[in-house]
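Before anything else, here's the structure in question.
The letters A, B and C name the chains in turn, as written, and every chain counts its residues from 1.
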Amino acid sequence: MLKLAKKLWPLNRSLTGQGNSETLKIIKNECNSLKLIKFKTGTKVFDWKIPNIWTIKEGWIKNKKKEKILDFKKNNLSVIGYSAKIYKIISAQNLKKKIYSIKKLPNAIPYVTSYYKKDWGFCMSYNKKKKIKDANYEIFINSKFKKGNLIIGEILIPGKTKKEILLSTYICHPSMANNEISGIVVTTFLAKWLLKKKNLKYTYRILFLPETIGSIAYLRKNYKYLKKNVIAGYNVTCVGDDRSYSYLPSRKGNTLADTLGQHVLKKYTKKYKKYSWLDRGSDERQYCSPGIDLPIASLMRTKYGEYKEYHTSLDKIGTVVTAKGLEGGFKILKKTLELLEKQIFPVSKTLCEPFLTKRKIYPTISKKNSVNNKLKLYLDILSYSDGKNSSFEISKKLNFSEKKIEKAILKLKKMKLIKIV
Amino acid sequence: MLKLAKKLWPLNRSLTGQGNSETLKIIKNECNSLKLIKFKTGTKVFDWKIPNIWTIKEGWIKNKKKEKILDFKKNNLSVIGYSAKIYKIISAQNLKKKIYSIKKLPNAIPYVTSYYKKDWGFCMSYNKKKKIKDANYEIFINSKFKKGNLIIGEILIPGKTKKEILLSTYICHPSMANNEISGIVVTTFLAKWLLKKKNLKYTYRILFLPETIGSIAYLRKNYKYLKKNVIAGYNVTCVGDDRSYSYLPSRKGNTLADTLGQHVLKKYTKKYKKYSWLDRGSDERQYCSPGIDLPIASLMRTKYGEYKEYHTSLDKIGTVVTAKGLEGGFKILKKTLELLEKQIFPVSKTLCEPFLTKRKIYPTISKKNSVNNKLKLYLDILSYSDGKNSSFEISKKLNFSEKKIEKAILKLKKMKLIKIV
Amino acid sequence: MLKLAKKLWPLNRSLTGQGNSETLKIIKNECNSLKLIKFKTGTKVFDWKIPNIWTIKEGWIKNKKKEKILDFKKNNLSVIGYSAKIYKIISAQNLKKKIYSIKKLPNAIPYVTSYYKKDWGFCMSYNKKKKIKDANYEIFINSKFKKGNLIIGEILIPGKTKKEILLSTYICHPSMANNEISGIVVTTFLAKWLLKKKNLKYTYRILFLPETIGSIAYLRKNYKYLKKNVIAGYNVTCVGDDRSYSYLPSRKGNTLADTLGQHVLKKYTKKYKKYSWLDRGSDERQYCSPGIDLPIASLMRTKYGEYKEYHTSLDKIGTVVTAKGLEGGFKILKKTLELLEKQIFPVSKTLCEPFLTKRKIYPTISKKNSVNNKLKLYLDILSYSDGKNSSFEISKKLNFSEKKIEKAILKLKKMKLIKIV
């Protein structure tokens, strides 16, 4: 995963543009089934409009000596996202007004965008900004806006049923590790792992899209189908550092995505932080919005906004995102998907108890205590097989591991005693 | 309010008759929009029948010396309500059988009626009754029954929506202060206050009617409409003494009328007594009855039946009902109506989050922590704007004052981001 | 009851056969309205098939001296249920493999069956089995299988309403006292008691059937009607010992059968043991199965499987089942049926409160405290008469005895103020 992360690192992702195309190309190299979905710029999606394509060739500030004291090519956070074209000789005083920095993190370049209003600006570390004292500077941002397409990557892995599980991650932040690349990497590896699995029960829909405008555009096109078929899903973000685990609920808070996600966090982590819906900040804002109401939660390592390197050049591979961090993020989601994939809603195929003697489960000789544990387990599961209890809920009722319940349900299915809805 | 109370004091109110007409005339002087609704005597209303009009000109008991030892003109509780005509010379012994008094309150004249069975009788203080020792007395009750109308006063204050809030008080007790006049006075002043308000959101329906038969007649005519449109309401009674505050729930106990009423009592009183539905005793008995099921609660000062002066001549202005008492009763209901009037059920006008940048709420420059508190508040409210959460409930969820939430919702409405249902 | 128990004791009951017919004949002697319902052998009932009739004439083991060391005629547990015919000279070693005994209960003959697989075998006490040492034994089981009918006994006691209460007990165990005969005896006496009652409100359906195959066959034919009409019911088993009381819930756990059953156990026993649905083991397995979902619970003395004599020859009248034990079992069920029979769901016949004066309940003279306790009770009941509250629930709300509430509801009905749904 770290290797893929490093490959993705230098690309200048934004809402649209070449960095996004290249990012999706790298994902497609990993998962050939990735498909591109295009939305024309200018298209209205709900209350929004797809913005124009932004391309930037260069961006720099030169001092009197013609030395570049800032260069977009060296760090793609140096120019604010969606910055307009500008060439100018500018006084130090005026230049400083257009440079963003963070006093409290004097070595960090902040991440700043101006997606929806034409503006321009630079981002620089506070320490560097302090040194701007010359009379005049030469600045140049060589960018342009054009018509084209916002591009979303979609992997659809069909299962036996149309009911599906949704994973969504975003591809719109340039070089930031935990709050961007970890999500792409973990989601790609989850897709690869799912693609290798045979006979998936559920259909998996895996989305790589620019945050907010991407999920809104995608929902505009698909929300009716998704409302009907998505049984659970997760927004994948901040899954690459090894400092903590976190859970952010869906708006409703008690969906299958919430129950199973928390169960896995309880089981596989020492502790995890539980946030509230009010702490949300990523695409669950759209997926769970009133009228959309998809069951989408977030299982994270350290949540966006909760670590100091967030949204700066310090959110790096190595210091923030580590191999161990990514593995933990991957593991939690994988375990949850495994548990989800196992979820079945059994329904007894016969009214009353089935005749188990002919299936050689019931002992032919009936005497005291002849109902052994295995038989008891089958009978208990059958008694809850009303199509409303999921296998996880049955395991809680019977106080047995999900594994045992799952195995028993599959055995019952094999014997044609239950069907799965 | 005390002035109005004193004006209403002497009138001989009953289920019907001149005292009621005069009472409604006084209210109309205060609120010109009061309309009279008439129900012909003899009309069947549900299980009941509107009784005939009762008028009484005089009522007295004279001793041997032709001295009036009881005179209806001096206290309109002296003759039992709906007493039939009688003139008689009667022995002390027989007379005593027809005189009601209360041994434990020897100076109180009790309030007694015989609405639905022809009877006659007098009410007198116990101390006075003890003195009846002469051989014979001359008694006269000059009353009569005739056809006519039971009259209900109704003030309808239209709001922007047909959804309405109901206030109901009764006009059937003669000279009693807390358990009659306080209700009329506070309700009249609430009507006056509402009439002065511009741009009311909800429609207000304010009723002055004889207890039981009045609310039954009114419901007979209007219950279908009311069931559809009343979102909350209060029966206004015993709101004039300054000894305590009380709450009596609606039959369901968890309606908006209950939640907001209790919230206001918690906020504005030191303590209040919480009664149960089983302690009910006024028109909520009809408004909340099975099949009617209106959301009507009671917010009171000292509840009927819970103070010693109740239903006697001791329930007076000055000793029981005071200016401070009335102000408290008025304030609690006013605060509750203000809170109700503020209640809105917002629904987001767009699926997904709206595009806030163009509304100049979302900062055009997006950087770390650029979602300020105000923007966060808007987004949080929008995320709960599903038409099921009232503004009060949203304020509880977000842990902000109702004022702040109300303001923000109105701002969102102004920006056409939500509509109100 | 003990007398009836003793009469039933010797009969060789099984799923089918003469012992069952004789048992039903004895019950018919007690309750002439018992009807026989027949299911042809070989008929498919849901997932099951009605087995053939099993008849056995003799069954013995003889030693070298031609002495019978086991004789079915002396104890009908000696041959396993549904044993096939066999005549053989057999070595002690081989014979022992076909003899069931219980080492821990060395004097008990176990109860063993092989209903659905052709097999043969004997049951003997462990102490007796130890003595089998001769070289060869002569064995004979003179049984046969034939076509015919599985027979169910049904007593239908019609009430005023089609809504019904179900009692079910089983008639398939041979000579065992608590885990068979106590159920038949108590159920028969409950039927006799119900048959004597006049004007029953609910219809009572009382079933005597072989466990599992009997209830499945009966449900196959009747489950749609039963789902529509059964409001509560009990599986009657293990109601004859005086050692404890037990409750086993229906699958849903909160039906009227559960609520009232537990209420009676709380009221009339010092303590009772509460089992879970997972501890089930009798016909509730069918009655409550998914898709059938009847509200059937079990009120027992010591539960099957929970006492050492269970399913052996030690489960006897006298030592296990006693007169006192049966009386306790009968009493608990009788009290519960009495309570159920009293259950009514009143609905007010008028909107708003009814006019009680003309019914002479409301005092014609209305004065302070003129609403007496009786009138208050009527008004309170009327206020809950919305068709959703049963009389038991109303008694809990008003904190009065069910008796008092029942009486008042009947009075209200007599006055045509409520109807019963």
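Following the convention adopted for this analysis, a residue touches a chain if its C-beta (ideal position, glycine included) is under 8 Å from a C-beta of that chain, and two chains touch if they have at least 3 such contacts.
Fair warning: this is a prediction, and the values are worked out from it, not measured in the lab.
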| item | value |
| --- | --- |
| Angle of the C-alpha superposing rotation, subunit B to subunit C, to the nearest 5 degrees | 120 |
| Same-site or different-site touching of subunit A by its copy subunit C, using the half cut | different |
| Euclidean distance of C-alpha centroids - subunit A vs subunit C, Å | 57 |
| Contacts with two or more other chains, residues of subunit A listed in rising order | none |
| Residues of subunit C touching subunit A in the complex | 46-49, 80-81, 100, 102, 110-117, 119, 121, 212, 215-216, 219-220, 223, 251, 277-278, 280-281, 285-286, 288-292, 305, 310-312 |
| In the complex with subunit C, residue positions of subunit A that touch it | 347-348, 350-355, 357-358, 362, 364-369, 371, 379-380, 382-387, 398 |
